[in-house]
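What follows is a set of structures to go through.
Two complexes, one shared chain (chain A), two partners (chain B, chain C).
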Partner chain A sequence: MLRKLNIRWVPVLFLLPSVICYVMFKYYPLMNMAYISFFDYSIVNPPGKFIGFANYTEFLKSTTFWQAISNTFIFFGLYLVLTFWIPIVQALFLYDIRRGNAFFRFMYQLPTIMPLVGGVLVWKWMYNPDFGLLNYWLDFVGLGPYLWLNDATMTKLAIVLPAVFAGNGIALLLYYSALKSIPTEILEAAKMDGAGPWRRMWTMLLPNIKFIIVIQFVAFMSSVLLAYDHIYIMTQGGPAGSTTVVSMLVVNSAFQQSRFGISGAVSVFMFIVIALLTIIQNKISAEKD
Partner chain B sequence: MKKKAKLMAVLALTLVVSLFMAACSGNNGGNNGSGNKPAGGDSASAPPATDEVVEIVSWDMPQDGDPAKPYWEQVFKDFAEKYPNIKVEHVMQTLTKEREQFMTAVVGGEQPDLYANAFPDMESYIDQGITADITELWNNYAEKDMFLPSATQAATRDGKIYGIPNFMYVTGLAYNKQMFADAGLDPAEALKNWESFGEAAQKLTDASKNQYGYALLGMDWADWFFEYYVWQAGGDLTEQQEDGTAKLTFTSEPAVQALQYYKDLKFKYQATQKNVVQSLDENSNDFYQGRAASMIAASNWFGGMVSSGMDIENIGFSVLPPGPGGTSPAQVGGAVWIFNPKATPEKQQAAFTYATYLMSKEVQDGLLQYQMDNGIFPNLLNVRSDVDASQFVEGMPQELIENVQAAAGEGRLEYFLKARLSPYVVKAVQEVLLDEKADPMAVMQKAQDLAQREVVDKYNQEVKK
Partner chain C sequence: MERTRIREKGGRSLKITAYVVTISFVIFALIPILWMFASSLKTEKDINSYPPKWLPTIPQSIQVTIDYTGMDETDPAFYEKDAMRAMWYPWMKNIRESIGDVTITGVKDGRKLYTAETVSSMFFVGQPKVVPTTIFNDKMMDKKLPIIQENKLSKFEWEGDSGKSIAVTPSIAESDLSSRFSAFYQSNELIKGQVVAISEQSNWVRVFSSYMALNKIAEDTAGALGFAQYFLNSAIITVASVLVQMVLGGLAGYTLAHLIESKKWKFFWIMFFLATIMIPDISLLLPMYLLMKDLGLVNSLLAVILPHTAWGIIIFLFKGFFDQVSKELLQAARVDGATELRTFLQIVTPLSIPIFTTVGVMTFIPVWNEFLWPLVVNSSPKYWTFTVALNDLQNQPSVLQNMLMASAFVSMIPLLLIFLFSQKYIEKGVAFSGVKG
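Here is the complex of A and B:
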C-alpha cells in the first residue's frame, strides 16, 4: 500500500523560484556545454556535425592544453601555500583581540569593497620596471629591480602576491564567526585545566571551525582552478603562455578561434576534475571525523 | 536509504529535464525563418518595398568620447529622413573585447544586420559562414569601382564579395623629431636599414632620463608588428598555396632573421622598454610622454597623439627601415562592413543601402569637413579613391602627409591565417624577447611544429574536402 504523501507546500512554493533559476542558469548551460562538446560546433548552423569524443581527444593531445593545466595547478599550489591559511590565522588572532576588535574587523573588510580590476591595475602599475613603486622600495634595501611580469616563473608569483597582502576579508569574517560560536565555557574550563594557547588552538579552536575550513577549501579550489579575470588583466596569459590557465583556454577557444565544441569539452573536463577533487576532499575529511 | 533514493530520483529528474532542454535547443541558432540564403539571391537585390518599414540593427553608434559623434548622429538623422522605409537601430559596442562581444551575439542568434569587422578576421568569418555573400548586391552597386582594390581585397574570396570596405589605415614608424635632434641623429640616415636603426635606437636610450629608443610590441598582439620585420627580410610567416591550403614558413630565413633582429633590439642594442610585454596603450603613452623615441603607428593615430599632448610638428612618420630583403612594405589594415547571412533578403538589402549611404562620397567628405572644422586630424587614407583626405587637412605638416601617402604605396595585408596562427607566433616572439639565450631558429621550429599539428593540418584537410 502506498503511503500517503504529506507534502508541505509552502516551503516548496518558496523554493520553487530558486530551483527554476538554478535549472535554467546553472544546469541548463552545464548540460548544453556537455552537449556541444560532442559536436564540431557550427556557429551558423548549430550544433554542427556530431563527432563523438573527437574534441576531447584533440585537446588531450594538445601541448597548449597541458601547459595550461600545468599553469593552473601551479597557481593552485601557490595560492594554497601562500594565501589559504592567512585568513584562518588572522581570525585566530582577531578572536583574542578584545580592544579595538570592531576596528580591525572593519579594516580587514574594507579592501573587499575595492573593485577587482582597480586592485589588479594598481599592482600592475607597482610592478612596472621603470617607475613602479615595488622596485623603487626594493632599491632602498639594495634589491631589484625585478622584471616582475617579464619572467615566466616570477610572473606567476607576481599574480598571486596581491592575494597575500590583501587577503580574503570575507573568509576571515566566516572563520571569526565560527570561532565566536564556540561556547566560552568550554574554553574557560580548558584554561582552568591548564591548557595553554597552542593546545587550545589545536585541540579546541581549529577542530571547531573545521567545517568552515572544508567549505572554504572547496570554494577556494574551484575559484582558483577556474580563475580568469585577474590573470587576464595582469598578463593576458603571457609571457609566452606562462600564465595561460585552463579557463583562458576555454574563452580563447570559443571567442578567438570560434571552436565552441573544444571549449565545451575543456569545460566538461575541468568540471569533472573539480568534482573529483571535491569528492576526495570530502571523503578525507569525513574519514578523519 | 529511502531519503537517498528520493534525492537521487530528484537529481535524475533535474538532469533529464536539463538534457531535454539542451536537446530542444540544439538547432536554435537562427534568428528568423529565412534559413541561410545568400544575400545575392534574386530578392536580395530588389529594393525594399516603399510601403513597408524594414528594421535593421547596426553596431555603429560611436563611443561617447568620439569627437566625431555629433557628425554621425546627424548622418543617422539624414538617413532616416531620406529612407523612411529603413529603420536603423544603432548599437554602441564596448571599447575592448569587440570580437568576443560580436561572437557572443552570433552564437546567441543576435548577429547584427551590419557590423564593421577587422580585416584579419574576414578570412575566418567567411570560412564559418558568418558573413553574407553580397556579390550580386555589390555587382549592381553603381559606385563599386570607386573603392580601392587594396580595401576590397580583404572582403573578397574566390571572386565573391563578402563586405563593403569601411575604413583603412597604413602603418609606419612614428618618431619624436626633437628626441632625434637632441641625440644628433638625422632620421633619414637613422632609418636607412635595420643596423642603422638599431644603433640610432641605442643612442636614443638613456636610462638616467628614463627614455628609450623604440617601443617594441611584445604583448599578445606581438605578431601584428613582428610580421613587418619578416616582410622587410624578404619573406612572410605563411604562404597560401594554389589549391588554397596553407604552408607555414616560420623557419624560413627571413622569419628567423626577423626574430633575431627583435632579439638584438632588446639585448644587443638594449634599445627597447624594459617591460617588453607591456600593452600597446602603454607603448603609446611612453611615446606621447617622450619616454619612447619611436614606435610603429597607423595613419589614423595622429589625432590621438595630438590630443594626448604631442605637438604635430614634432611627429615624424616614415616607412619602416628596410631589412635584409631590401624592402619595407607597410601593412594595410582596416575594417569591412559585413552582413548577417541569416537576415531576410529585405533586411540585407536595407543594410546594404544603409552601408553604402555611410560610405558615399557625400558622407565621407562631410566627415573630413567636420573634422577639419573642429580641429580633428583625419585618417589620411580613405577606402574610396574619389575621397582625398589631404584636401581636408589644416595644420598638418605636408611632409607627414606625403610620408603617409608614400607608405600606402607599398601596402599589403596581414599574413594568411593570422587569426588562427597568432598565438603560436606571439609565443615564439615572447620566448625570444624574454630569454637572452633563446635560439630564434629553435623557437620558430617549435612554434611551427605545434602550429602545423594543431592548426594547419586540420585547416588543409578542410580545404581539400
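Here is the complex of A and C:
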C-alpha cells in the first residue's frame, strides 16, 4: 500500500516544477494576452474598460497594420529569393568536399556566432553613405551612391542583404547532416547505373533532403513573420514605416503608445498565425515518420 | 605503382565547382567580420576617409617639453592647468589627425618639474565635455580641470623640487603634426611656459585605443567593471537558464518517458508541454512584462532568466532520449531499493551526457544573443545584457564608429571560443534536434 503511494507521488514531484513554470510563464501570460485584448487597458487601474472586439476592429482597419502586413510579405519574398536557397547549395557542394571540410563548416558558422546586434552594427557602418564600403564598391560598377537606410525603396533590401552574405549556418548543418545520412549504397547503385556526379546531385541528393527543405520552409515562414531584432536595430521600422513589420506593432503599441489593448489584439493575431504554421510543420514531420 | 582508381567523368568538374562555390561563400561571410575588425583598429581620421582603407594608420606619440625657468609660481595646480591646456587644446585643433598620445614634460632650471600624459582613448571619451569646440581661453581650464581629474582622463605627476635634472635640447621634429602643434603654441598666449622641444614617434599599441575607450564609456554607465559588467550579466543569465532547463527539463522528460503509466495522462502532459512551442515570444511580450511588474522583478537578472524555464522543445528532446533507456535497467535499480531520484541521478544521468550537452549548446546561443526581452524588461544599465548595451552604444552621439566596431568584435569572442572547443557537439545537437523536428 505504502509502496503504491510512493510511486504515485514521485512523478508529481518531478513534474511539478516544470508545470508551475509553464503555467506561470506560458499559459497564464497567454490567457492574460487574450484577456487584455478585450479591454481599453489601463495600466494604472487594470483592466480598464471592457470594449469587446473594438481593439481588433481598430487594428484591422488601420493603415499601419496593412502596411506592416505588406512589408512582411515583401520581406518574405526578398528573403525567399535571396537567401532561402543558400544553405541548400552550400550543403550540396560541401558534401563533395573532403579536404578541409570541418574548416569550411566552421567558417560557415562564423556569422551565426556573431551576435545579431554586432552584425547589424557592422552593416550599418558598411551602409554609411559617405564612408561606407558598399557604396565604394558599387561605384566601381557604376552604381550608387545610395542612401541605404534613409531611402524607402532601398531599406528593405538593406535589411535582407546581410543575410545573403552571412548565409544560415544552422540550416546548413541540418541539410548537411541529412545529406550525410543518405545510405551510400543508394549512391553506389546510381553510380553503377551510369549516373554521373552532377546527375547524382540532382536526382539522388536533392530529392533525399526534400523533406528537410519543406520543414525548413515552414520554419522560415515563421522566422520571417517573427523577425524583429535586426530590423529594430537597423532602422527602428523607418523611414516612414517602410520597414515596420507586424511584430513591431506589438512592441510599439504597448511600449511607445501605451495602447496595451491594441498590443494584446495584435499579439493574438500573431499567435494564431504562428500556431497554424507550427501545426502544419508538425503535421509534415509526422507524415514522414 | 600506377593508380588503379578510375576517374569518373564529371567528378573533376564537380570537385572544382564545389571548392570555388564554397570558398566564395566563405569569403562573402568573412567580409563584414574582417571589415569590422579592421575598422575597430582605425583612428578617427581613417574612419572618415574616402576611399575606405582596410589597414589602420599607426597613431603618433607626441612629446612636448615646456620650460618654466624664471617663473615664480609654486602652486602645482597652476602647472597642471598649463599642462592640460598644452595637451587638450592643440589635440582638439588637430582632432582629425592620428594622434596616439601626448606627453608633456615640464622643466625648470634644468630639473624635471612634472610629467603629464593623455592617451587617445581618454581624449575621445572626454572630448565632448572637456573641449567641445575649438574656441579656447585662459579661464576655461579652471572649470575643465575638475572634470579631467574626476574621470582620470589625463595623468599628472608632480615632482616639484625633488625632480631629476635633465638636459633639454631645443628641437622641433620635422613632421606635419609636430609643426602644427608648434604653430598652435606660437599663435597664442595660452601656454605660460616656453615650448622648447617637440618630438614624435609611431606607437602601434594605440591602434587598440577604441577598445580602451569603449571600456571607459561602459564604466560611466555600468559601474567599475566597465564593459565586463554586461558580459557578466549575460553570462549569469545564460548559465542559470541552461542549468535550470537541464534540471527541470531532465526531470520532466524522465517522468514522461518512464514514470507515468497511464497512456491518457502521458498524452495529456506531453501535449501540455509541447503545445507551448506554438506560442511566439513576441505575443507574450506584453503580458510577460505585466507579470514581471506584478512580481516586482522589472530591472533584475531574474526577470530574464525565468521565462527560459519554460521551453517546450527541451522537455521533448529529453523525453525522446530517455525513451531509449531500457526499462529493465531502471527496474533492476528499483528492485535494489534505489529511490526514483537516485535512479535518475546515478543511473540515467551518466548514460545521458549526450542529450545534456545537446540541450546545453542548443539553448546557450539563443539565450546569449537574446535582445528584445532584456531590452524591454531591464531599463537600468546595471542589469543590461551585452546585446542591449551594444544597441545603446550606437545611439550615443559621443561613441565613434571605431568604438562601435570594437564593441561588436569583443561581443563575438565568447561564442567564438565556445564554438572552437565544442563544434562537434553543436553539430551533433543541431542534427539531433533537426531530425526530431
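Keep in mind that, in the parts below, the second predicted complex is superposed on the first by the 241 of 289 C-alpha atoms of A that agree within 3 Å, B and C clash if a C-alpha of one lies under 4 Å from a C-alpha of the other, contacts with A are read in each partner's own complex, and residues count from 1 in each chain.
Throughout what follows, a contact is a pair of C-beta atoms (placed from the backbone, for glycine too) under 8 Å apart; a residue touches a chain by one contact, two chains touch by 3 or more.
Here the structure is a predicted model, which is why all the values come from computation and not from measurement.
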Touched partner set for A:Phe260, first chain B, second chain C, both or neither: both
Touched partner set for A:Leu15, first chain B, second chain C, both or neither: second
Which of chain B and chain C A:Met126 touches, first, second, both or neither: second
Which superposed partner A:Tyr108 touches (first chain B, second chain C, both, neither): second
Comparison of chain B and chain C by chain A residues contacted: C
Touched partner set for A:Phe53, first chain B, second chain C, both or neither: neither
Which superposed partner A:Gly241 touches (first chain B, second chain C, both, neither): first
Partner chain in contact with A:Tyr28 - chain B first, chain C second, else both or neither: both
Which superposed partner A:Ser62 touches (first chain B, second chain C, both, neither): first
Chain A residues contacted in one complex by chain B, in the other by chain C: 27-28, 30, 32, 43, 128, 130-131, 251, 254-255, 260
Sites on chain C touched by chain A in the complex: 8-11, 13-15, 17-19, 21-22, 25-26, 28-33, 35-36, 39, 47-52, 248-249, 251-252, 254-255, 259-260, 269, 272-273, 276-291, 306-307, 309-310, 312, 315, 339-341, 344, 365, 368-369, 371-372, 376, 386-387, 390-391, 394, 401, 404-405, 407-409, 411-412, 415-416, 419, 423, 426-427, 430-431, 434, 437
Chain C-touching residues of chain A, taken from the complex the two chains share: 7, 10-11, 14-15, 17-19, 21-22, 24-30, 32-33, 36, 43, 86, 89-90, 93-94, 96-97, 102, 104-119, 121-126, 128, 130-133, 136, 162, 164-167, 170, 173-174, 177-178, 191, 196-199, 201, 212, 215, 222, 226, 228-229, 232-233, 247, 250-251, 254-255, 260, 263-264, 267-268, 270-271, 274-275, 278-279, 281-282, 285
Chain B-touching residues of chain A, taken from the complex the two chains share: 23, 27-28, 30-32, 34-35, 42-47, 62-64, 128-131, 145, 147, 149-152, 235-241, 251-252, 254-258, 260
Of chain B, residues touching chain A in the complex: 14-15, 17-19, 21-23, 25-29, 36, 99-100, 103-104, 106-107, 124, 128-130, 210, 218-220, 273-278, 291, 341-342, 419-420, 423, 426-427, 430-431, 433-434, 450, 454
